[in-house]
Structure formats: structure tokens, C-alpha cells
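Alright, structures below, take your time with them.
Here subunit A shows up in two complexes: once beside subunit B, once beside subunit C.
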Partner chain A sequence: MHLPVWLIIIPLFMVFSLGIFAYINKKIVKPLVITGGFLQTVLIFFFILRRGEEVPLTYSLGSWRGDIAINLAIDSFSLVMFVLMALMVMLSLIYSLTEIREGSVKFYLLINVLFVGITGMVMTADLFNLYVFFEITSISSYALVAFNDRDISLEAAFKYLMIGTVSAVFLLMAVVLTYQATGTLNMALIPEGMEEVPVLTRQLLFAFYMIGLGVKFAIVPLHTWLPDAYMSVPITYNVLSSGLVVKASFFVLVRILYVLFGVEFLADNMLASVLLIWGIISMLFGHAAAFQQDNLKRLLGYSTIAQMGYVIIAFSLGTAAGIVAGSFHMINHGIMKGAVFFAAGSLRRETDSYELKEMHGLADIKPYTSLIFVLILLSMVGIPPFNGFVSKWLILEASVEAGNLIAAFLVIAGSFLSLGYYLSIILNIYTGYEGSSEKTSEVRLNEALPTGILAVLCLVLGFVPTSLLAVIGDAPVFVLERHNFISLILGG
Partner chain B sequence: MILLYPAVAILICMGIYTVLTQSNMIKIVVGISIVESSIILLLGAMAYVPEGAAPVLDRSYELVADPLPQALGLTAIVINASTTAIMLALIIKLYNRYDTLNIHKIRRLRG
Partner chain C sequence: MLNPGMPVLLASLLCFIARNKTQKISISIAALIVSLAAIYYAPGEEIFSTASFLELDLILAYVTPISRNTGYIFAVFAVIVLIYAGKFFSSANINLLNLFVGSSLALLFVGDFISFFFFWELITVAAFFLIFDRFDPSLRFTAEYYFIVHIMGGLSLLFGIILHYNYTGDILLGAPARGLPFFILGIAIKLGFLGLHTWIPHTYAVIPFQLTVLMSAYTSKIGVYALYRLIELEGPLIAYLGLINALGGGILALKHSHLRLIISYSIVSQIGYMMVGIGAGGIAAAGGMFHLINHILYKGLLFMMAGTITYSLRKESLNNLGGLWRHMPVTFLAGLVGSFSIAGLPLFNGYVSKAWIKAGIDSSILYYGLQVAGVLTSLIFIKVLYFGFLAGGERTLKEEENFRPPFDHASGDDNSDLAYEFYCSQSCFYGRDICGNPRSAI
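This part shows the complex of A and B:
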């Protein structure tokens, strides 16, 4: 069974062949990219649908023994990211067909580099390999932020690059020091060696991992690049960033914290509480800052920071219910943000601006897109029939169960805060229309389709959350009980 | 040998200090390069085994240096080179737009 490695090979093949094919004929670039994305999606769906028989599995590169090889592992927790990748990869590629007019070869090349990095980060079980994939993801992100070649995108890219590179140094340092302390880079062998490392060293390593990966998922004092970067990038990258890049970094941090350090260590040294408080700060700050924004994309960027706060809170509880709730919210946020950005991109074609005050009365020109847009915004607030409600309810339940009533209260308070700024967007779109009421806008199928699919998913997951919970329900088995992960890789 | 570890710490602090205080973009890149190089120095120091030979496949040596950190160091150098390349490319673009290398004159975005 060589299927896991093909998940990395397919986008990697695209990266290296796109240039050659574009040299032969520019017209086959887009069909080729779509084919690659389709193959990858099919492969991911294969793993999700056959999770009983195929997953969990481990693949040792080069067929070395499990303890020396670089391993790729797919367990029930990876399925959380797999669900996101199955949706986002294909839908964003479809959406980008009309959005990217110039330099499409460059764009698809970078997007495929991004896919390589994310897939690798999710699957790898080797720390240094993780760092390499992390850098692959980061470098393609920097280039994609600068892609539009406008003044603000270059500035945002430089800012992101500065913060990102320094954070990558911290991650590398953490990896190197882990190697020195434990003598191995295999994530299955480190936990054993980690037990003998002094507590102070372990706390230092925790801090380094937090800083190194925290920049990527925009934990609050390290978040400054995100709203800037979101302002002037293609919608496709907005969706991929908030749906995959941010999530993959957080996913990796969870795996490192729970497998390398162990849940007991986090609880004994108050580090779980540090994470919890950090999550609460992220959430409240994100909501508060979103209030002051008058650019739609910046606002959605701050909303991503806030929603990641909810995910951090859920994961820091350290209970099975918390991890399921956090995983569920990770997927839901990806779906909702994807739909919102897709809809916002379609709305923007009428106004050519993301400034809120110029979006007055858009609902008269594009009634259906606006309706979807508003419904998804309500879903993000957490209003009942949608998926946002279900996942916030699960987080609430998990934090009450774990005895964290303050966190539970702040989750509700944060949701009320978010209602304020989402209502102001809705108000902007539905009022103040000046001009003729003739509907001149065209509907593009490739933009309507991804928006529609994600919006329907929001509703479906709101009514039957069990369909997704069945997929991710086993996630805590590999997070909380790390011996499962270790024996999966070492085959014991 | 033991002096190498404080040297690494000093280099990292120097590099981060440069990044935080300088307003010239080229100098910021130099600062980041210093930080990155110090990690490679750390990797070299870790691999060192007293009186160890080079880790080349030869059965006649008893003590050899640890080959893994050296391999990691090579990979890290490649990654650092590519990030530096991106940074410099961006600086060229920014310089063409704004005619200045001063980061404070360029920055219009506020966090």
C-alpha cells in the first residue's frame, strides 16, 4: 500500500510539470491542475470513507524499520484535517478558474506547493520533516500574499515574511533542542526520552513550540500579519489560508503537545491553563478588533483569529469531549469561512472594493449571493439551525463538563460580541441602495457552485451533525492516549 | 567547546535585536540571517564528538561525529537561502515602488 505517499506526490508532480506543460501549451494548465486536485480529493475521500479498514495506518518511507524511518501516519485525528482538505482543495481550485486572470501558471504552481506542505505537515511523524514541510507551506504562503503585486500586498508580504521567518527559527530551535534532549526526531520515540528531560527544559521547549507555530495560527500577540495579509490576496488564498494553513499549524501544535509532552505534563505544570487563557484572550481580542474594521476582508481576518480562539479553548480543556468539540469547530469554521469568502468575492465584482461603506445596497443587485452571505454570517455567530451553533454548543458543553465555567461564559459572551459586527455588515448590504434596480450581474457557475456546496454543508451539518461526528469521533483516542500513536508507528 | 553554546545564545540575541531596532530593510534581513546562522552553529556544535572522525562509512574508526545534525544543518542552510532570496526579492520590489529602504516610511498598514 503506497497510497499515503501519493497524497504528497500528486501535488509535487504538478509543481514540477506545470512549467513544462505551460511551455508546450498554456491552455492545458487549468485542466491539468483540476485533474491533480481531483485525484488528490479522491484519494482523501478514500481514506475518509474507509476509515475502519485503512485508517489508522503508517507508511515508512523507503521501507525502513519504523524506528529509523521517516514515517507518514494517518490516524483518526488526521481525519479532521483530511475532511477539510477534501472540501477546500477542490472547491478553491474551481473558484480560482475565473478569479486568476494573469499569471495563472505561477499561481497554480504556488498553490500546489502549498498543498504539498499542508499534506506533509498533517501526515508526517518526524519532527525535522515537519519543519521542512512547515517551511514549504510558509514560503508558498509568503509568495501568495505578494501575488497580487499591489502596494499593500507587498507590504503585507514583507511583514508576514519578517514575523514568519523569526517564528520558523524558534520552531527549528525547538526541534534541534528536542533532538539534543532526547536523541531522536521520531515522534513515536521522543515521548519515552522526554520523561527524563528536566521539567524546566520541557517548559522551555513548550514555549518555543508555541511561538514557532503560534505565529501561523495567529494566537493573539503574534497575529498582526494576518489581517494585513488577508486584505489584498486572491479570494482563493483567503479560503485556503483560513481553511487549511491556519488549521494545519494548529493541528501540528496539538499533536506535538499531546504526543510529545503528554496530557499529564500539560495539566501538572499549568500549561493547559496557559493555553486556555491564551485562547480566551485571542477570542475576545479578535472580536473586539473586528468591531473597528471598515474593510470586509480585514474584519473576516480578525474573525478568523477569534474563531481560532474557540478552537484553542476547546483543545486546552484536555478532555475527550473538548477535543471532539474543537475538531468539529475547526471543520465548521473552515466551511463557514470558505463560504463567506467565496460569497464576498462574488459580491465584490459589483463594487470592486471590500470597503464596507461602498457595499451599500448590494442585496438589490445580487439577492441570492447576499442571502447566502447573510445566512453564513449568522451561522458564524452561532444561531441555531446552522453548524456554527452545534460546534459552539459542544465547546460550551465540554467546558462546563471540565469545570471551566468562566471559559463557558466567555464563549457565549464572545458570540454576542460577534453578533454586533456581523449585524452591521448585514445592515450595510441591505440598506442605502442608490441607482437602478435592474439586475445586470452575471452568475458564474464556477463561483456559485463552491459557495452553494459549502452553504448547503453548513445547513446539513447543523441538522445532522452526527454524520461528521462519526468521522472525527475517534480523534481523542490518538490525542489523549499517546501510547496508541506510539504503537501505531512502532508497530508494537 | 563549551563556549559554543553561549556564543549561539549571544548570536540569537544580537540577530533579534537587529531585527527589532533597525529600520533599514537590508539590515533587518542581515539580522534574520544572523539568527538563522546561529542555529546552524548550534547544529554543528551538537554533532561534535571529542576526537571523533568524519561520519563517512569506514569501519576503522571507533568514534565518529553525529551525522544527523550535520544533515539537518545542510537542509536548514538551503531553507534559509530560499527565505533570504524571497526577502531580497520583495525588498527590490518595495524599493522600486517607494524609492526608500526605510521600513517606517513604507509601512502604511496598521495592525
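This part shows the complex of A and C:
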């Protein structure tokens, strides 16, 4: 079975072949990209649906032995990211068909580079490969932020590039230091060597990994690039960034922390608490900052920061319930944010601006798109029967169970804060329309479809959360009990 | 068989396929009648509908005597509102009305915290969209305020539920084992406890009158129901808090001269009565819940009176009213019956429940406090009736430019009178009937 590696090969093939095909005939580019995305999605669905037989699996490149080869691993925890990829890759490609008018070859090339990076980050079980895939993701992100070629996007891309490069250096230092200390880069072998590393070094490593990856998932003091970057990029990248890039970086951090360091080490050295408090700060800061935004995309960017705070809180609890809750919220947030960004993109066509004060009364022109905002508001605040309620319930339950009453209370307080700014979006959209109500706008099927699918998913997951929990329910097995992961790769 | 609220919730979806408003109203009334039948035939004290959510078992239908009686009045009142003001609701609002009433009804019959919270929030959401009107910017802030206040209450309740669930491991509806302060905060916001009551006058005095009539019957009463079902405290603390509410609400009501503002503050005061009853326990608790039912009846009547005046004169300050009894005799009669009821005149329903409450309390502070509150209530409505209907009777309103005859008979629209007549008779009838047989209601 060579299927896992095809997940990387397909987008990689796209990257290198796209230029050639575009040289032959420009019209072929979009169908080709869609086909590639479709194949990748089918493959991902194959793993999700046949998880009983296929997962967990490990694929050693070049058929070397597990301890010396470069390994790709798919376990139950990877399925969390797989679910996100299954949804986001295809839907955002469909959405981008009409959004990207100029430079589509460049755009799809970069998007496929991004897919390579993310897939690699999620699957790899080798630290240096992780760093390579991390850089691939980052560099394509920098380029995509600059894609629109306006002043504001160049500034944002420059900022992102600077902050991102510094973070990459931190990650590289962490990888080098790990190699120096343990003598291996195989994530299955490091835990054994890690036991003999002095605690101070391990704490330093923790800090390096935290900073290196933290920039990418916008943990609070390192978040400054995100709102700027969100302002001026195509909606497709907004969705992919908040749905995949941010999530993949956090996913990798969780894997490193729990496999390399182990849950006991995190608990013994108060590092879990550090993460927890950091998550709370992230959440509260994100919500508070979102209040002050006049620009819809910036606001949603801060909201992403805040929602990542919830995920961090859930994962830092170090219990099975917390990891399931965090994984569930990761997916839910991807779905909600995806729907709301898609909807924002459709609204923008009427006003050509994301400034909230220029969006007055758009609900008269676009009633169904505006409804998405209402739906997401209800979901984000945690009102049943939407998926946001389920993930909030799980996070609350997990944190109360772990004895973190204050965290649970602040989660509630955070959702109350988020009510304020989401309500202001809705009130802006729904009131104050001045113009003829006769005006109707075209409905583009390729934009309506992804938006609709994600919005319906919000409702479906609210009513039958078990359908998704069945997929990700085993995630803690490979996170909390690291010997499962180690024996998966080393083979028994 | 499903929860008795389900037919109405279903009707809110069915209304989408209706072609015009008349059809929508017919569907809604039919659904409410089905609901009434469902409440009547539902087996008591027995779980007859369940569902599962995550790993929890939800009890979707469990009928207690209290919920059955409250359910009757909730369903009947929605029918009356539709008769009274069906034509003033916008088409979309009929859907929302069904959602609002349906979730209020459903909440009465659920037996676990998750579904309770579900419907609790659904009421808020439905109410938000009922209030919100994108063509009227002034309502924007009213809706925002209402929503924020109630979501805060809801989140507080959620936190309480989480604490309770974590401690006991089950989600059966009952007195919470942990997190009592959060339950109390959530419920206090819903029922308009003094200090947290601001949303009541803020909302009810501003929104269109037909919505005031509708919403005044449900939102705060849900809070009282929750107080009865969930909060069990040692000692009569709730009763004393209720007394503060009864007196404070009365004094605040007396201060104002805006018609619907007065009646809104009087809700706060009457909620206080119910709290006194529930806090004192025993027969007083039964009286408190009976007072809830009566309160929906007469407060609905009073808001209908206020609504008719608002509709006819387009002004609501008592300073500008007067002499209306000659021009609006039916409305005057309705106001009279409502005022007698709320003031607790014998032979009217308010008397019976107030008598029960007073019979059940053993503290003299509470007893005399309630007497004072009763006097305040009487004063409030003497003021309303005198300045609204009796004083300055020489004016001829027909000459005023703005006057619209109340629900003009010439256009064949005599629905409101029908609602009044039905309503007044019911108000009196209830009083007499229960006098004969005090146990028949509870």
C-alpha cells in the first residue's frame, strides 16, 4: 500500500506540472487543479471512512526499517486534521474558481505548495522533515499573503515574512538541539533519549518549540501578523489559513509536546499550566481586540486567535476528554470560520469593501448569505442546536472535570464577549440599507455551494455530534499514551 | 408521542409553505389546538419521549401537574394573541411567534438540563428576531440589549449546569447540587429580579404593542417556572427577595406615566408575589404558580388594553390621555376587569391566588409586606384607569387628527373585541370556579 505518500505526491505533481500545462493551454489549469484536489480529497475520505482497517498505519519511505527510514504515520489523531483537509481543500478550490481572476496559475501553484506542506506536516514522523514541510507551508503562505499585490498586502507579507522567519529559526534551533541532545530525529526514538536530557534543556526545548510553532498558530504575543495578513488576501487563503495552516501548526505542536516530552513531564514542570494560561490570555485578548475592529476580515482574524485559545485550553488539560474536546473544536472552528469567510467574500462583491460601516443593509440584497452570519453567531456563542454548543459543552465539561473551574468560567466569559462583536456584524448587515430594494445580485453556484455545505454541517454536527466524534474519538490514544505512537512507527 | 411543544415548533416550519398570512395564522392556531390536546392526553409523571445526545439521555417529555397547567395557559394565550392581533404581525413574525411559543411550551415538559437549556436559549433567539426589525432602527438597540442580557443569563445557566453535571454525573432536571449561584443568576435575569429587571421595561414599552402582549406572557414566566422547578433553598430567602421585588416594582411603576412602562414595572412587582409564594413553600408555592397562570391572564388583558390605546391614539403617556371611557367602552371594561384582577378584588382570579400565597406564609413581615404591595398595585391601576379613561372627559377624541377607532367595526375586524370578551369572561370565571374548588387548578 503506497497510498499515504500519494497524499503528498498529488499536490507535488500539480506544483511541477501546472506551469507546463499552463504553457500548453491556460484553460486546462482550473480543471486540472480541481481534479488534483478531488483526488486528494477522495484519498483522505478513503482513510477516514476505512479508519477501522487502515488506520493506524505507518509508511516508511524507501521501505527502510522503521527506525532509520523517514516515516509517514497516520493515526487516530491525524484523522482530526484529515477531516479538516477533506472539507477545506475541495471546498476552497471550488470557491476560488471565480474569485481568482488574474494570475490563477501562480495562485494554484502556491496553493498546491501549501497543500504539500500541510499534508507533510500532519503525516511526518521525522523532525527534520517536519521542519522542511513547515518551511514549505510558511513560504507559500508568505507568497499567498502578497498575492493581491496591493500596498497593504505587501506590507502584511513583509511583516509575516519577518516574524515567520524568526519563528522558523527558533524551530530549527529546537530541532538541532533535540538532535544534539538525543542523537536522532526520528520522533519515535527521541522520547527514549529525551529521558536522559537535563530538565532545564528540556524546558528550553519546550520554549523553542512553543515560539517556533506558536507564531504560526498566532498565540497571543506572537499573533501580530495574522490580522494584517487576513485583511488583503483572497478569501480562499483566509479559509485555508484559519482552517488548515493555523490548525496544522498547532497539531504539530501537540504531537511534539505529547510524544517528545510526554504528558507527565508537562504536568510535573507546570508547563501544562503555562500552556493553559497562555490559551486563556490568547482567548480573552482575541475577543477583546476583535471588539475594536472596523474591518470584517481583521475582526474574523482576531476571532480566529480567540478560538485557537479555546483549542489550546482544551489540549493543555492533558486529559482524554480535553483532547477530544479540543479536536472537536478545531474541526468546528474550521467549519464555522470557513462558512463565515465564504459568506463575507460573497457580501464583499456588493460593496467592494470589508469595512463594516460600508456593509449596512446588505441583508436586503443577499438574504441567504447574511443568514450564514446569524447562524455562525449563534454557533460561536454556543447556543444549541449548533456545533459550537457541542464543542463548548465538551470543553467546559473537560475543564471542569480536570478541576480547572476558572478556565471553564473564562471560556463562558469569552463566549459572552464574542457575542458582542458578532452581534455588531449582524446589526450592521441587517440595518440601515439605503437604496432600492429591487436590486438583486447574481448567485454564483460555486460560491454558494461551499458556503451552504459548511453552514449545513454546522447544524448537522449540532444535532448528531456523535458522527464526528466517532472519527476523532480515539485521538487521545495516540496523544496521551505515547508508547502507542512509538510502537506504531517502530513496529511493535 | 413527542413533547407537547413539538406541534407548534413544527408549525413554525410549516408556516414557510403557507401562501399568505391567513393560512399561517390558521396553521398556528391548529397547531396550538393540537398542542392543547397533547397536553390534555399526555400521561402524567411518566417519561414518554427520550433522545440521546453525546452520551447523555435526554428526556423530551415528562409531564408534571404544574407544567400541565402552565402549558394550558401558554397555549391558550397564544391563540388569544393571534385572534387579538393576528393582522398586525408581519408574515415572518408568525413563524417566529410559533418558534417562541413552541419553545416556551416545550421547555415546560422536558425533564433534563440539556433540553431545558436548549429551549431556554431558543426562546431568547426567537425573541431577538421578533423584536429586531430591520426597517425600524430604534428597535435595533432594544433587540441587542434584550439578546445580550438574556444570553448572559443563559451562559450563566450553562456554567451552572456544567458544574452540576460534573458533580452528580446526571442531567435530570432538579435542584442543582453545585453551582447554585449561577443557576440563580440565570433565572433571576429571566424572571426580572429587581436590579436585573431592566430589560422588562426597556423592551416591553418600546416594541410594537402586539409583541408586548405576546412576549409579556412568556419570558418572565419561564423564569418563574424555572425558579419553582430548580431552586431549593433552606429558609425563606427567596420569599424575602420576592418581597423586595414586589415592593420595588410597585414603587417604580407608580413613578411612571408611560402606559406600558407602568404595566411592565407591575410585572416586576407581580413576579415578586410569585417568588414570595415559591419561597414560602407549601400552599403558598401552589398559590405562586397559580398566580403565574392568573398573571398571564390579567396582564395579557391589561397589555391588550394598552395596546388598543396605543393603536388608537398613537400615544401612551397618561399626561396626554383621558376621557377615553366614552370612546372606547369595551377597552375600558377590559381595563377595569384587568385592574380588579391584579388588585385582587374578590370574585376575580387575582384574589384567589393572592389569598393562597398569604395563607401559606407564616412570617408577619412577608404578610404585611404583601399587603403594602397590594395597596401599591391598587394605586397603580387606579392611576391608570383614572388618568386614562375617566379624567378630563370633555374632550372629543374623534376630532383629533390621529384617532383611529379601535379595531374598526366597519371594516369587519371585530376580532379584538372577541378576544376581550372571551378574556374578561375567563378572568372572572376562573376566579369563581377556583373559589368553589381550590384544588382544581393545581
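We take it that the second predicted complex is superposed on the first by the 491 of 492 C-alpha atoms of A that agree within 3 Å, B and C clash if a C-alpha of one lies under 4 Å from a C-alpha of the other, contacts with A are read in each partner's own complex, and residues count from 1 in each chain.
Keep this in mind: a contact is a pair of C-beta atoms (placed from the backbone, for glycine too) under 8 Å apart; a residue touches a chain by one contact, two chains touch by 3 or more.
As the structure is a computational prediction, the values presented were derived from the model and not from experiment.
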So, after the overlay on subunit A, do subunit B and subunit C clash or fit? They fit
* Which superposed partner A:Ile152 touches (first subunit B, second subunit C, both, neither) -> first
Item to complete: In the overlay, answer first, second, both or neither for which of subunit B and subunit C A:Met162 touches.
Response: first
First (subunit B), second (subunit C), both or neither touched by A:Glu397
second
Quick check for you: in the superposed arrangement, does A:Ile383 touch first (subunit B), second (subunit C), both or neither?
second
Of the partners subunit B and subunit C, which touch A:Phe21 in the superposed model: first, second, both, neither?
-> neither
(message) According to the stated criteria, A:Tyr368 is in contact with first (subunit B), second (subunit C), both, or neither; which is it?
(response) neither
Shortest distance over all C-alpha pairs of subunit B and subunit C after overlay on A, integer Å, is 28
Listed in rising order, subunit A residues that touch subunit B in their complex are 128, 132, 135, 139, 142-143, 146, 149, 151-152, 154-159, 161-162, 165-166, 168-169, 172-173, 176, 179-180, 185, 224, 227-228, 231
Within their complex, subunit B touches subunit A through residues 12, 16, 19, 25, 28, 32, 35-36, 39, 42-43, 46, 68-69, 72, 75-76, 79, 82-83, 86-87, 90-91, 93-94, 97, 106-109, 111
Within their complex, subunit A touches subunit C through residues 361, 363-364, 378, 381-385, 390, 392-394, 396-397, 400-401, 405, 408-409, 412, 415-416, 419-420, 423, 427, 430-433, 465-466, 469
Per the touch rule, the subunit C residues reaching subunit A in their complex are 53-54, 114, 117-118, 121-122, 124-125, 132, 134, 137, 140, 144, 147-148, 151-152, 154-156, 158-159, 162-163, 165-166
